[in-house]
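Listed next: structures, encoded as structure tokens.
Presented sequentially are two complexes of subunit A, the first with subunit B as partner and the second with subunit C.
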Partner chain A sequence: MEELKKMVAEGRDDLVPDKVRALLDQGTDVEAVMKQALIPAMDQVGELFQSGEIFLPEMLVAAQAMKAGMAVLEPFIKGSGVKPLGRAVVGTMQGDMHDIGKNLVIMSLEGAGFEVVDLGMDVAPEAFVAAIQTHQPRIVGMSALLSSTMTAMKKTIQAIDDAGLRGQVKIMVGGAPVNREFAKEIGADFYGKDSVAGKVFATEAVQI
Partner chain B sequence: MIVIGEKINATRKSIARAIASRDEEAVAILIRQQEEAGADVLDLNAGAGQEDLSRAVEDMQWLVGVAQKATAKPLAMDSEIPEVLEAALSVVTGPTAWINSVSAEKRRMESVLPLAKKFASPLVALCMDDHGIPGDLAGRMRAAEILYRAADENGIPFENLYFDPLVMPLGAQSDAGALALSCIRSIKENLVGSKTVLGLSNVSFGLPMRPALNQAFLILCMGAGLDAAILDPCDETLMTGLLAAEALMGKDAHCGRFIRAYRKQMKKGGKP
Partner chain C sequence: MKIPEPFKKGADFEALRKVLMRETTGGPVPIIELMVDGDPMAQVTGLPTPISSMMELLDFVEADGTVSPESLEKGMQLMDLSLAFARDVGYDYVTTIPVVPIPRTRLSTSEATGGQVKRAWQNEHHGLIPDREAFEAFPWPSTDAIDLITLDYLAPQIPEGSKIMLFYFGIFEDLRALMGFEQMAVKSIREPQLLGDILEKLTVLAEATVDRAAAHPAVGAIFYADDMGFNTSTMLSPKWFRQWLIPCLKRIADACHRHGKPFLLHSCGQIDALMEDLIETVGIDGIHSFEDNIEPVESVYQRYHDRISVLGGVDVNLLSQGTEDQVRARCRQILDVCGPGGGFAIGSGNSVTNYCKIENYYAMLDETKKWNREHGF
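Our next item is the complex of A and B:
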């Protein structure tokens, strides 16, 4: 397990799948592989990134390694009754073509055990509403890097409200021009200064 | 090399506050600092997600007013909203202002190109279209070619077109720097008469030693033919690199600007 954790943290997506298979062959529980190796590895990576000890490319390769491990587990998870921590729908606002921040949030959420629906960039308010109706997530994450697309956040939250869905989701927002006051003003539940903050909020929100 | 100072941007929280509280001095100081540090053009972005258009227009016109009192340099009107651009350009009393920016998105071309014609503005043209930012050179060049033709149809002289190849963070995409460099070369070669510009600091996002990366990238871009850059002129590493590169490229007679910059740094007690 420790070895697998290290492989994920070091971004060895070439080694991780075989290691996961080997652990399963030895009789290790699917859930244990997730909760004692993959998830803690990403937690650790997230913290190191947040504290500036590791950098964006290192975080990205670790996430790839995590995904490679999850791909091996996927068929077993389906049969085993292991439930994801929760479901989240995440996207960048309409008019905004920046996805790195959004992707970091998705990585953190997936790393924590969330099932994440990635809506991509330039996502219209109606598309958020439709995704909430289809996927029934508990968490909705919105990202904006441009000051000009912050207004789209407000519109999107309004659209979710108008569709009668506001009560069933917790909305978290983030991105360079966004701050706590703005989040409050537009009726979001949480402003995350980085992906780790978002993950912590989402994890707490689904456990209430 | 045209240096466009990037610091008056409402994405920065201190600027958003200064605009909201109409703090003239806070804005004027930053403008003077950038000019002093070598900015040729001052970028102005007042957009902080204002609710209504009239507020966005008011904020921008206030910013232009403050900037014009603080500097005689050209301004670059930085907004995605055509009404804001027009309102800003219409209160310019100094030298011809830039427009930052247009892209090959249909809606933006239709609204912004006529403004560039009307005000004879140099125009930052982003190499992206209605489908977003193309991931490869061919896609970026297609967007640039659309803009090149549309500018021509609108009677905008090519020398007013500054194509921005849009550099992605290197930390997320290992060929991001190389792609931007080949894009600059290809624009200079194929879209004859037009120019290139680049927002610099995005390239180093998420990586350590950002000043070193930014400096190396700027110099490589200059070597590839970059005409202008949107950057922080108060970043001494960057500006020293820029001046050194210009001297080495034969664009600084008797190394005059390079030596003057050295003396200025010595005077400030900084390390050369």
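Our next item is the complex of A and C:
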């Protein structure tokens, strides 16, 4: 298991699938592979990223390696009773077509065991509302690059509130111009300075 | 709303140059911008603009590297607008760009704030060079294809005492545009030499452009724009930048310095880990781009102003979302710290975007004028 964890952390998507298969062949159960190797590996990568010891590319290749491992596990997960940690809906704001930050958040959430619905870019407030109604997530993530598009966060939170859905979701916001004060002002639950901070918040939120 | 009165009458690039090169601590704090979008320039001058935001300029070069007659016409209109804008506000320079016909992916456009603000966006996922094969087949333009028509067009028209500031879109920006950001990030680990080879091609073009532009007598300085950071760190590791990008930037800066012109760097994001390399190895003369979320301009000024000039600093977020009073108060805070020691020019933290409030832009200019007057200038 330690070897698999190391492979994921080092982004070895060429080696991870065979290692996962070997573990399953040896009788290791699906949940153990996820919880003792894949997820801890991504946690470790997230911590190194936050402390400045590694950078975005290293996170990306680790996530690719995790995905390669998950692809092997996928058919077994369905029958195993393993449930995702929680569900999240994530998108960039209306008018905003920058999604590196949003994709990093998705990567971090998936790495922690979340099921994530990616709404994509340039997402209207009503599309967030519809996605919450359809997917019933506990977490909603919003991302914006520009001052002109971060104002759509307020409108989107208002739309969620108007639809009577605000109480069932925890809303986290992030992006270059966003800060803690702005998040508080618009009624978000959390501002994350990076994707790992978002993952930590979401993980705690679904366990409350 | 047209500008009520200019920041100052007449241009004096020599005075600005002395500030950029830290040759004086006396004199008024000048104003500087890397870029002003078409919409605010149109508001200031009352003239029409062919484009809303400056990112649209990248679409002037077609996917095959050519420039259409329509884009050329728009380019001419834009230069006339830039000229009128610089004159009306009282800048010491007029900004333009070179034509470097590198094929790029088309931009996407979006509308925000109820359709009032249009922005153009680079594709972050797919580029024209995903792999080695595409690199080999790519129609790299030769240095002969670089066109400095913009300099020749503007040079006879700039106001007396003014110079041209040449904006160059950086090689790391182009690397990301050509590969797509995610592809580039992953390949920086899996296939670093491919990035190195693309950078080499781009450096040859940048070096030649800057060398020829800086040799032009009407050019006062090169404003080289290359975003290298996010809010919290550099986009790739500092080690990668030191190995692959810094040597290229040094060649480009050297091409500028050969002609005795200031080389100013614009880079967004938290790039403090690279500052020693940028100052000592590359030899930048000034640094631009500040966001209060990352680090306020004052603390950067205090750390580096004895080695390079510090430029801009008024957060775009404030210029777009704040009130006039807030903008005036923030300008005064910045000026009180950065003004007296020299080596500082004020302006937006990034650029005057089409979503900045024009009254806030005017407030920034007016408060600086007042501050200068109060300090005897």
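The definition used in the following text is that the second predicted complex is superposed on the first by the 208 of 208 C-alpha atoms of A that agree within 3 Å, B and C clash if a C-alpha of one lies under 4 Å from a C-alpha of the other, contacts with A are read in each partner's own complex, and residues count from 1 in each chain.
Following the convention adopted for this analysis, a residue touches a chain if its C-beta (ideal position, glycine included) is under 8 Å from a C-beta of that chain, and two chains touch if they have at least 3 such contacts.
For clarity, every value in this text was computed on a predicted model and none was experimentally measured.
Chemist: When the two structures are laid over each other on subunit A, do subunit B and subunit C clash or fit?
Modeler: Result for subunit B and subunit C: clash.
Chemist: In the superposed arrangement, does A:P177 touch subunit B (first), subunit C (second), both or neither?
Modeler: In the superposed model, A:P177 contacts both subunit B and subunit C.
Chemist: Contacts for A:G46 in the overlay, against subunit B (first) and subunit C (second): which applies, first, second, both or neither?
Modeler: Neither partner.
Chemist: Touching A:K193, do we find subunit B (first), subunit C (second), both, or neither?
Modeler: The answer is second: A:K193 touches subunit C but not subunit B.
Chemist: Contact-wise, after the overlay, does A:P17 reach subunit B, subunit C, both or neither (first, second, both, neither)?
Modeler: So A:P17 meets neither subunit B nor subunit C here.
Chemist: Is the number of subunit A residues in contact higher for subunit B or for subunit C?
Modeler: Looking at subunit A, the partner in contact with more of its residues is C.
Chemist: Does the superposition put A:P137 against subunit B (first), subunit C (second), both, or neither?
Modeler: After superposition on chain A, A:P137 lies in contact with neither partner.
Chemist: Show which residues of subunit A both subunit B and subunit C reach, each in its own complex.
Modeler: 52, 55-57, 60, 95, 97, 100, 103, 122, 146-149, 151, 176-177, 179
Chemist: Provide the residue numbers of subunit A that touch subunit C in the complex, in ascending order.
Modeler: On the subunit A side, the touching residues are 11, 52, 54-58, 60-61, 64, 94-100, 103, 122, 146-149, 151-152, 176-179, 193-194.
Chemist: Can you check the complex and tell me which residues of subunit A touch subunit B?
Modeler: For subunit A paired with subunit B, touching residues are 52, 55-57, 59-60, 95, 97, 100, 103, 121-122, 146-151, 153-154, 176-177, 179, 182.
Chemist: Note which residues of subunit C are touching subunit A in the complex, please.
Modeler: 108, 110-113, 117, 119, 121, 124, 181-182, 185-186, 188-190, 230-237, 240, 291, 293, 316-317, 320-321, 353, 355
Chemist: Within the complex, which stretch of subunit B touches subunit A?
Modeler: 10-11, 13, 16, 45, 47-51, 79-81, 128, 132-133, 169, 171-172, 174, 205-208
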